[in-house]
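Pasting the structures here.
After this come two complexes, each holding subunit A, first together with subunit B and then together with subunit C.
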Partner chain A sequence: MTRLHRLRAPLALTACAGLLAACSSGGKTSSTTLVYTTVSATNPITAGAPMNPFNASGNYFPGFDTMQLGFDKQNPTNPEDFFPAIAASWTITSSGITVRLQPGAKWSDGTPVTPADVKLSMAIALTQGSATVGAGFLTQGLDIGSVTEVNSSTIQIDQAAGGSNLDFGRLVLGQYIVPAEVYGSLVPSTVWDTITDLTSTDAATANAAVTKLNAIGKIVSSFSPAKDVSAGPFVVARINPGSAELTRNPDFYGVAKIAPSEVILRHYSGNSDIWGYMKSGELDSAPYTSMPTNILDAVEGAGYSRIDTASYVDAAIAFNESDAPYDQTTVRQALAYVIDRQAVTKVGEPVGGTAAADLTGMVEAATKQWLTPAQVSSLNPYAPDQSKAASLLTAAGFTKSGSQWLLPGGTPWKITLQTVSGFSDWNAAATVISSELDAFGIPTQVKLTSDFATYKTDMAAGKYAVGFWLIALGPSASAAYQRLYGQDDGYTANADGTVTHSDGGGNWQHTPTGYTVGGAPIDPGQLTAQLATLSSTAARPVVQQLALATNAQLPVIPIWDYTAVDFTYDKRFTDFPGPSSPDINGLMYDGPGVWMMQGYVKAK
Partner chain B sequence: MRTLTRLLPKLAVGLVMIWAVATFTFFLVHALPGSPGDAAYENYILSGMSPEQAQAKVSSIYGFTSHDPLLVQYRGYLWRLLHGDLGQSISYSGVPVTHVLRAAAPWTIFPALAGLVIAFLVGTSFGAVAAVKRSSRWGGLLSMSGSFFAGIPVFVLALVLAFLFHTEWNLLPYGDTSDVTLTPGFNGPYVVSVVQHAILPVATYALLGYGAWLLTMKSSVISVLGDDFILAAELRGLRPRTRMRYVSRNAILPMFTVFALSIGYLLGGSVLVENVFDYPGLGNVLFQAIGARDYPLMSGAFLLITVAIVLANIVADLLYTVIDPRVRR
Partner chain C sequence: MTTWRVLTRRPGRVIGLLILALFALMAVFGPYLYAGPLAVDPNAIYSAPSAQHWLGTDFAGSDVLQEIVIGARYVLETAALSALFAAVIGTLVGLVAGYHRGPTDSVLMRLTDFVLTIPGLPLLIVLSTIWSFGQPYEMAIALGVTGWGGVARAVRSQTLSLRERGFLEAARGLGLSSRHVIFRELLPNLAPFVAMNMLLAVIAFIGAEVALFFLGVVPFSSSNWGVMLNQAVFSGGAMDSPAALSYLLAPLLCILLITIGIVLFLDAVDELFNPRLRERS
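Take a look at the complex of A and B:
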């Protein structure tokens, strides 16, 4: 009895905990609401952040409560291919874009979406660090010169005088549209005069305009609206520190297509959070998450279906070409023959990666769209072949002492392969690559940098000779090659069509300014800079030249193309987009809000 | 008056310590390699953003990154600090640091305190039992349980609890502070939901502290049991229950100091626990701030932890004089 008396308090606590646990029901749904639960990959909920799309940590959810004129279809050869959103249709010309608004588009407070909202949103876009002076702005920037209301549902948006950015239409369509009623007071009425000053021939006036716009931008991005006013299918009802509740917007122009009455968005801080939610069946769909095969098995076992699409990012091994021997093309080619990309991908990114096949600086899906079949088959696949690697090295003056390769000077060749702590796929892959190089006779040590910010700083300082790097960013060839030869490597495109290069101001790779491909000299920086100003048809031969040059010169060795592996769960909803749905790459990229707008996702 | 004369020097020393730590952490966080933009761009790309969207976000962050010389920034930081302003967060695009910390603080303070109190009550009670019954099976089992929980790394314990109670058995919610569909306020469903969501972090704090409290209390009780005054009490025929009261009161004295200090240290320890449970408290904010190189937010969070530890020290000192009359002499 005495013993029981002493244990009274802990027993009571345990009983309370048990009772509460028993009361818990996980993701619960009332009988009157149809709740769709998911995670926003690009916008995890951030406690304390405002509901503002211009805030870097803002709690806003594109496709649900935050709308653009259109949503990107991720078409590599047609960058202006978008799903309609606030814009029902548009016409793009060399000087600008004419946008026709959705008939009946309204904000969630019942007021119509007007050309004034679009005009203000474009001005705000220019305050978010987009406004600069100089040539880059006119060739690659969001160089808006004017926004004119043609009628109550049509807007004409033109490039600034002298502007020649062929991506202008794409950039405009991708801007967030916010209500003038909410954001209008943050922007002075003279903002368009300031924007006009950006292209002033007087440098002081132009620079003052940038400063003014940036100052407005800071006010806009730190602004915290009292409530969400949405033109999308949903509107935020409540934001918790770890989840957001959005209710269907009855004023949404396409509300008839929207089946869920509510959306719950869960916060996540790492992949394992999403895996946990899926294993317990909480999510109706989940965005791309890098995962090992045992997790994939558990997730599929829980009833999720997998949809694989191109993600337009490659993991690659990059070189600092100012460090010998990596300045020699034959050395990089030899290493490509030693590394078995299939084996590395199997360990590094078994679910969300496909071994890089073409080695063109673009992902395979883009390569196949830009190059002719004959060109694709002419690419060197660098299939694992140690004898080819050995003969390339021998021809370059390398020798072998026992099982160890020596540099032309006779010193042992050792590689330090740099990667980043926490990037589990890169680290696992680095271990396999190091074993393969060790076995070939090049002792390789894998070194981890504590985090990505440090990695990037050290890289720029030239501290690493060989390391992992992301390439082929985005579906457009221009963006992909910018990463290798463009702005990132110190090139600037000028308005007059010329390109200037300053070594040291760019990235860590220090690629040469000229290549010889098929006997003809090319300047990859010049070609890349041109891409931004060329139409899709005119860009094709340039992209082809760059792809062939990259395949031959290998400034990087692409290891795998990331695959976007999304998951859907058909226990509560049906009619999800599937592998055979049109524009599936874009749908998976844009997320469930856009699926619903397109008529997908129905109650089961 | 006597308390005031004892308190004032301690407060003065505390303020100097806060200034010293604030200065040290200010320069420390700025010495971290990388800049806010560097940290962000690739993370945005990896999360699936287009290069244009990622660049726009980085530009927004860049606008809030000070480019003044470090000493000028430091002077500004101290000046703002004197006015109670911790600056603007970089990764939150200019949202005041105090706002971000204020939103996160309750979700660390209450679970950490609840865990600490539960661990203290259960641990010291069981520690006293383990000492008195040290030759019995019960005593041995209690000591073993203390050693077991004291030996588990916080990260492992949190992962095991998350895996079992959320992922495998789906008994407890995870990743938020309450069910978002409930109206916040002092109403039954909301309070129950908050408690449910806090069970896993609270249990982690409690189980972690339990082992240490049990073992410390056990050795303290054993040491007091050997004191002459207990022998004298036993010889004078005092009832075991009365004797135990004397033992406990004397054995628990050092625990109070450790208890007060633990409050401060728990705030620092919340980084790991909250990260595992994705619980949106100060620890999670600090973790994100370090990754994003958000210098003002990092400095603010470190300062908050420093202030908590310094205050806890002062409270522990004062408390000791209250509970142990010998110190007052």
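Take a look at the complex of A and C:
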């Protein structure tokens, strides 16, 4: 055997190993495949779950294989501001929305996307938790009365009679669109008659309609399609326990813009899994993932770029004002002066949070858009000041015995601060807040509820006097103030345009029905209900009143604005959206599938 | 005097006793040593061990040593109470089943089999959704009530062996009541065995309770050792970055030390309660 012959076997093995390594390493490209690897922000992979966007744990991936009429740009003052998707354009009127479909929009089986698909999808949307009668139906916002096929590419979607929700267009555009050929057999042909019955004046008819729609909803949500049929840029090829593999959809209307030929979505069971993927440079982008600063340093050290955007959610301390002494504005103000929000944020949400600055019930970015600079500067920032807190409490009749504050009746004031097991940011923050209140003279115990579902139920039942809560859920001001002065505060918007208030049933906040802003009395619940029906111009003075009232009355103490911190990795792809990209808030909110549709993400 | 001689015969036994004494003192006096609330320092999050903070700091800049010392009470009180509950229930069931045999034995052993088949940790996770486990005795009841099966089986075996001995036949021959025979004749002879089982159970119960806190299914208290592990791994990134490593290792080291202490001390207990071992040495 010659020397060359002896070397043949090891050389062949080495060549094979090299070839394998080239093909298998994460995100590597070969001549035929260009793989984009990430994780789904909302859906960890659930092996065996149906590829159905209406299934609670389904394997569906918005922006990749699951499409909407449009994708939200997260514009706080314009609820109609969306990226086009299945809808190429739309016109929103006071009574409804006219949608024009993308020319050439097709499903991955080659059939065109039709108005029938949209009509069916809207009917299904009304079976998925939105099916309630009368006022509730209208309050939900997605109060679709009828869907009319204008022509082969145009659909008219109208609100139910009496509905005038400003967010109607936004809600319609954000619904998942599914193929009628796959889902049509699950929904009876009489479904629109049933939907019409929801608004019947006959209670029995309306309730029967709710029952029917809920039953349809259950059938739809448990349905498991044999294969993924997608109108998006990708289609699911296979679901493994550790990842989902999606291939580019050649029938996608904008396929020319889509650079990756394949997308791998990694499974994760917790944030630490995502940290690990990023540390090894496996992901081409990663959605917002809560992390401590030491991990942030490691991730940035691995080559990731950070993009911070507004997320329109606040973490706050909420009060049940039916529990003394939290019914007193001065008490809540005093607590706001004691809590050092910067310090709490630094511990609780050091990477994805910014200490709340304005305390208006909206995130800072929204406050600055709605209020004038003069109004913003007039807001009380409640900077930490223990002497101010002490003087407010003293004026309210509180006394101090040694280092302990006593209630006006002379009993020691103790606080139980409620939070949720597993919410590590809230729990860490609660540790700091309890330490600060302890040091001020109010012994504070942190108590945990086992899960968020129980927490919400207990909160609604008024079981907690002081507890963590999410507020400022936007981006619209209407949604943000509904959180403070809506159903949780006993207000109900009725179909006839009136607003009623009740102290019972679901009212756990118990804020007063009257505030004074600039010497003028306002009813925050009435004003909040109006916001859903007002244009942004007409809504501005109302939002300003509510913001000023909230800052003065502090029904909640906002602690931090969440910041969406996304990451991109430019070793395999380039042209990612960056901080200066237009509509960056929406792009980061919607994820890489939408970036690609917008022409971002190119092979390096 | 014999006790002291047995304890000091091997250095390992003294070390074991010292470790257990240290942790017992920590549990009793720890909260007094660090009176007042746990101080936080947002500017010193996960700082490395230093002269000021011997074991570094945690996610809130609090002193890890202080948390270990304060947290010892909950951990050890829970484990000790759990072991006590398990020993009391298990011994009672084992004694009665082994002494009476027959239908009583069958019923009690089927009950024991049932308890042994209960998956402990999943059950506790489910229980934690309805019970806050805020106090050590609450956790101890849950652990003890689900953890006595093994003790009952072992005690029954010992009882079956003892009941054939002459002194018990004599007791029965004298017409003494079952209660007298069980509690005055059998129990004293089984006490060393039960005591050793109890000590071993303490190790198991420390593991179980810390696991529950580590999984994040029971109340958050920054000074609980299990919560410390949870925070270090899932929030502090101890597996991905060295910053939170001392925060992770401190409670692990404590659990390891307690385990070593109990195992070393058991050697002395074994000799103390076993005359044949004493005679040999």
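Everything below uses one rule, namely that the second predicted complex is superposed on the first by the 566 of 604 C-alpha atoms of A that agree within 3 Å, B and C clash if a C-alpha of one lies under 4 Å from a C-alpha of the other, contacts with A are read in each partner's own complex, and residues count from 1 in each chain.
The rule is short, and it goes like this: contacts are C-beta pairs under 8 Å (C-beta built on N, C-alpha and C of every residue); 3 or more make two chains touch, one makes a residue touch a chain.
Keep in mind that this is a model prediction, so the values were computed, not measured.
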Based on the superposed arrangement around subunit A, label subunit B with subunit C as either clash or fit. fit
Regarding the shared-chain residue A:T454, is it in contact with subunit B (first), subunit C (second), both, or neither? both
Looking at A:P373 after the superposition, I want to know if it touches subunit B, subunit C, both of them or none. Which is it: first, second, both, neither? neither
Partner chain in contact with A:S224 - subunit B first, subunit C second, else both or neither: first
Please indicate which partner A:K279 is in contact with in the superposed arrangement: first for subunit B, second for subunit C, both, or neither. both
Is A:T419 contacted by the first partner subunit B, the second partner subunit C, both or neither? second
Have a look at where A:G409 lands relative to subunit B and subunit C in the superposition and call it first, second, both or neither. neither
When the two structures are overlaid on chain A, which partner does A:G110 contact: first (subunit B), second (subunit C), both, or neither? neither
So, A:A428: does it touch subunit B (first), subunit C (second), both, or neither? second
Using only CA atoms and the superposition described at the top, report the least gap between subunit B and subunit C in Å. 5
Shared contact residues on subunit A for subunit B and subunit C? 270, 276, 279, 451, 454
Residues of subunit B touching subunit A in their complex? 32-35, 38-40, 42-53, 56-64, 88, 91-95, 99-100, 102-104, 107, 118, 121-122, 125-126, 129, 138, 162, 165-167, 170-181, 192, 195-196, 199, 203, 275, 278-280, 284-285, 287-288, 291, 293
Which residues, counting only subunit A, touch subunit C once they are in their complex? 270-272, 275-276, 279, 290-295, 297-298, 342-344, 346-347, 350, 419, 421-422, 424, 427-428, 430-432, 434-436, 438-439, 446-448, 450-451, 454
Subunit B partner contacts - residues on subunit A that touch it in the complex: 3, 6, 9-10, 13, 17, 20-21, 23-24, 26, 28, 30, 41-42, 46-50, 54-58, 72, 125, 128-130, 171, 174, 214, 217-218, 221-222, 224, 238-245, 262, 264, 266-270, 273, 276-277, 279-280, 287-288, 311, 313, 451-458, 470, 473-474, 479, 482, 564, 589
So in the complex, the part of subunit C that touches subunit A is made up of which residues? 36-40, 42-43, 45-46, 59-62, 128-130, 132, 134, 216-222, 231, 233-237, 239-241, 243-244
